[in-house]
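Shared chain: chain A. Partners: chain B in the first complex, chain C in the second.
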Partner chain A sequence: MKARTQTLRWRMLSVLLPVAFLVLIIALLQTKAIHQIFGFTTAQLPLPTQICTQFARNLDKIVENGWTTVSVALLGLILGSFLGFLSAAIASVKPRIFQGMLPLLVAINSISVVAMAPIMNRWFESSFCAKAAVVTIACIGAMSVNAYKGMNDLPVFSRDLMYSYAASDSVQFFFLQLPNCLPRLFVGLRTNVVTAMISAIISEFFSTESQGLGYMIKTSLKIGNQKVLGWAYIIAAAAVSIFIYFVITLIERRALKERSR
Partner chain B sequence: MSTAEISAKNVGMVYRDRKGQEITALQDVSFDIEKGEFISLLGPSGCGKTTLLRIIADLLAPTSGEISIGGETPAQARKKLKYGMVFQSPVLYDWRTVRENVRLPLQIMHLSRAEQESRISEMLELVGLTSFANHYPKQLSGGMQQRVGIARALAIQPDILLMDEPFSALDEFTKEKLHNDLLHIWRKTNKTIVFVTHSIAEAVYLSDRVFVLSPHPGRLTAIEPITLTRPRTDSMRNSEQFFELVGRIRNDFEGGSI
Partner chain C sequence: MKHKKRWLSAALLGAVMCSLLTGCGGGNDETAQAETAGEDGLTHLSLQLSWLPQGEFMGYYVAQSKGYYEDEGLEVEILPGSSDVSPAEQVENGVVQLGNGFYTDILSYREADYDLINVAQWYQDSPLYLVSKKSAGINSPADLKGKRIGSWFGGQQYEIYALLGKYGIDRDNDVEWVQQDFTMDAFYNDQLDAASAMSYNEYHLVLDNGYSADDLNVINMNDEGVNMYEDCLFVDREWAEANSDTLTAFIRATVKGWRDACADPEEAGQICWDAGQSVSLQHQIDMCTEAAKAVCPEDIGPDKIGWIDPEEAQKTIDLGCEYTLLNEKVDYTESVDTSYWEAAVAE
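Let's turn to the complex of A and B:
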């Protein structure tokens, strides 16, 4: 019983602390304490209430542009994570193929989104596809590395055990390597949520189409009387990231429930 | 033609280390193990006892000599699932319950669902874990985990149970209880058991014969028959005969100590 109340207390703290911290930051901004410390004007760093007003006034535009970005980010997240997983699976069953793929993976991972976005614009006619392609490529690496680790950091003797059952490569993959890599898949997914949102937003900077959170942030921040709106878009982008991250964490908790008992 | 269940003839194992120097892990090991025998491979680290077990299990190939498992090669025996393996750690999958862990090899063997269920309940009954069937490995003590490992090894109905220091990570009290459990299981199932250990007392208490292995190079220096009556009971651990056997085996090691 005592242990249970203690874990309950920890859980409440783990929610309360971040909330308290957020409230503190907002208070420091609203009272202009931060402005005074760094010598900012409200034009450089708008007050939370100003941002909220703009947010409410432009809600429909924010939702519309937000959805554009989220759909790009989600599609790229799914495709990229899948490709990363696939490369790890191939690598685990046929290590030689992976050795050939490895330099390519490293090369792809080291191309920055800034370079990739204009290239994809030339490759794809639809700007949606071009943006999704950028996100996809950005998401391959983290998932590949994590899935590969999960498929190959196996409990000691577990391969010997499978060998003693005369298990084929595919049996070994589906009964041992795949379930063993599940926790790592979620690590890869969570990493990729942030990567996907950032690369979707940056690819919108370069997009031929004038929509999406990235495009709106870029243009709003440039125009004098729309700077506050730019901040509203930034907040929206952050909120969406946190939301997707939260959803994945929930799924993760469900999926890994039995292992953490 | 010998009737031995496991027969080794001049088995040798030579490794090459990184500098290219040859290291003899096993030299000229020969023995016969009869069906239903309980054999311990006893020796200090570096004597090649685990290497020898892995050669029998077809996890390693010897560099000289040969092993015969009832007339077959270890590879043939392994592919016919004649070996049940129990390792130093229980190797349970923490995403599977006790029941599902025991089911694992049965799924790989494509047994019918009914056959799986009947074997699982039989095995869990045998190791006394029926009421823990739906627990996850992390909810069990080390001793219970290793009992699940034994149940899983026996579920495939192997001829031979190969055990590599299965109780070395457990405390003394749990270990002694598991000794009795293992002997009970052995009596009920009539398996041939090859048991690797570095504990003289453990080897004496469990075995019909103790194979004494010495290091540098690893070789079989003595085979000691254990004359204690069956069934073994805890009181035997304090008997004069027991201490005598322990003392004699200690003397088998060069210099009288390990």
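Let's turn to the complex of A and C:
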């Protein structure tokens, strides 16, 4: 009983503390305490109320542009994660391949979005495809490494057990390795949510399409009297990322619970 | 004990971070002070350009290379810009004393309470073109309806908004906007119909790329009467008041630089190329030749380089208000101070 109230307390704290921190930051911003310390003007760092006003006033546009970004990020997230998973699966069946692939994965992962986006713009005629391609490439690495680890960090002797059953490679893969990599799969997915949103937003900086959160952030921050609007879009981008991350965490909890049953 | 240590180190780290960040703060609270001459007897100034070292800014580079600044007792550092450096922010933050940027940009920053003023208008005519291939069928601005129009969306879009407004084209529904990068690839690849192009830069890129002027339709903002004031010299008002002699000296030297450059664009091109090889020598010379036409048009002449035409300045504000750049219709005199330029060209 005591243990239960304690975990409950921890749980409440883990929600309350971040919320309290957020409130504190907002209060520091609103009272211009941060402006005082760092010597910012409100033109350089707008007040939360100013940002909220702009947010409310442009809500329809924010939703419209947000959807453009989310659709790109989600498509890239799914494609990239799938490709990463596929490469890990191939590599687990044929470990030699993984050793050859690893440097390539590292190389792909280290290409910055800033370099990739203009190249993709030249490869693809449709700007939607160009952006989705950038996100896809950015999402391969994390999923591949995580899935591979999950497929191969197996419980001790489980391989031997399978061997004693004379289980074929495919049986081992589907009944041992695949279930075993599920938690790691979600680690990869969660990492990729952030990667996908960031790379979608940055590739919008370079896109020919005049739409999306990234495009709006870039153009509003460039115009002297529209900077507050830029901040509103930054907040929107952060909110969307947190929301998708939250959804994936929920699915993860569900999936892992099913599995432990 | 262990816990205490952890708290202590966290607190220390926080304190260090705070003091570091405070040092980096971009505030400009101090009142402006007069710049003083260094040990070498020269007053040091820095100028933030809005783009790469190119013919667009030939006046400054020519003044620099011919020693006009030194003659005035100035040592000027010319900082090249990029699409992500805002000269207005640089001036406001006190990183540099002088900025070169669009007058439209200054107006917009003024609405965010930056007290910046235009002290010399270099570009009398708008160098902005909308360029399209003949095959796109844009023979007059009215044909832009339903077309894909490119812009860099760095403040250059408002002249196009005004152009569309003049022809009754709804910019939200009747056209499709394309974000251009700083190459003309989207134009070559037919990802847009009408591309933004500066007469002195991108238009010549297109010509160099094998298109002849006969293959192209060009919409000139000046011909359509929707031109707005672009590159000018601007400063913080307080700084200007505290440094009126220095500013006047700088303008005097720069006007001389522009005059020389407009009279001999070929030489100016060579000087700009020495300052930055982002484009070929020939392209620098072409840029200077075209820039000269906008800085020193025939109807204004070399004596009035840097002049701020009250009518044009007010027109820029009025168009800006009508086409979402500005929220408030103000009198142009608030954002302009011609006295330094007048003193500079008085002799």
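Everything below uses one rule, namely that the second predicted complex is superposed on the first by the 257 of 261 C-alpha atoms of A that agree within 3 Å, B and C clash if a C-alpha of one lies under 4 Å from a C-alpha of the other, contacts with A are read in each partner's own complex, and residues count from 1 in each chain.
The rule is short, and it goes like this: contacts are C-beta pairs under 8 Å (C-beta built on N, C-alpha and C of every residue); 3 or more make two chains touch, one makes a residue touch a chain.
Note that this is a predicted model, so its numbers are computed, not measured.
A.B. asks: Of chain B and chain C, which one touches more of chain A's residues?
C.D. replies: Of chain B and chain C, C contacts more residues of chain A.
A.B. asks: Considering only touches as defined above, state whether A:Ala43 meets chain B (first), chain C (second), both or neither.
C.D. replies: second
A.B. asks: Does the superposition put A:Trp67 against chain B (first), chain C (second), both, or neither?
C.D. replies: A:Trp67: touches no partner chain.
A.B. asks: Counting only touches as set out at the top, which of chain B and chain C does A:Leu182 meet: first, second, both, neither?
C.D. replies: In the superposition, A:Leu182 contacts chain B only.
A.B. asks: Classify the contacts of A:Glu258 with the two partner chains as first (chain B alone), second (chain C alone), both, or neither.
C.D. replies: A:Glu258: touches chain B, not chain C.
A.B. asks: Which partner does A:Ser164 reach: the first (chain B), the second (chain C), both, or neither?
C.D. replies: Only chain B; A:Ser164 stays clear of chain C.
A.B. asks: Where does A:Pro155 make contact in the superposed view: on chain B (first), on chain C (second), on both, or on neither?
C.D. replies: In the superposed model, A:Pro155 contacts chain B only, not chain C.
A.B. asks: Show which residues of chain A both chain B and chain C reach, each in its own complex.
C.D. replies: none
A.B. asks: Give the list of chain A residues in touch with chain B in this complex.
C.D. replies: 155-158, 160-161, 163-167, 171, 175-176, 179-180, 182, 258-259, 261
A.B. asks: Can you name the residues of chain C that touch chain A in the complex?
C.D. replies: 18, 21-22, 24-29, 86, 88, 105-114, 150-151, 153-155, 177-181, 185-186, 189, 191-192, 325-327
A.B. asks: Per the contact definition, I'd like the list of chain B residues that touch chain A in the complex.
C.D. replies: 57-59, 78-79, 81, 83-85, 87-89, 91, 93-95, 97, 104-105, 107-109, 136, 138-139, 156
A.B. asks: Applying the document's contact rule, which stretches of chain A touch chain C when the two form their complex?
C.D. replies: 37-44, 118, 121-122, 125, 206-210, 215, 218-219, 222-227
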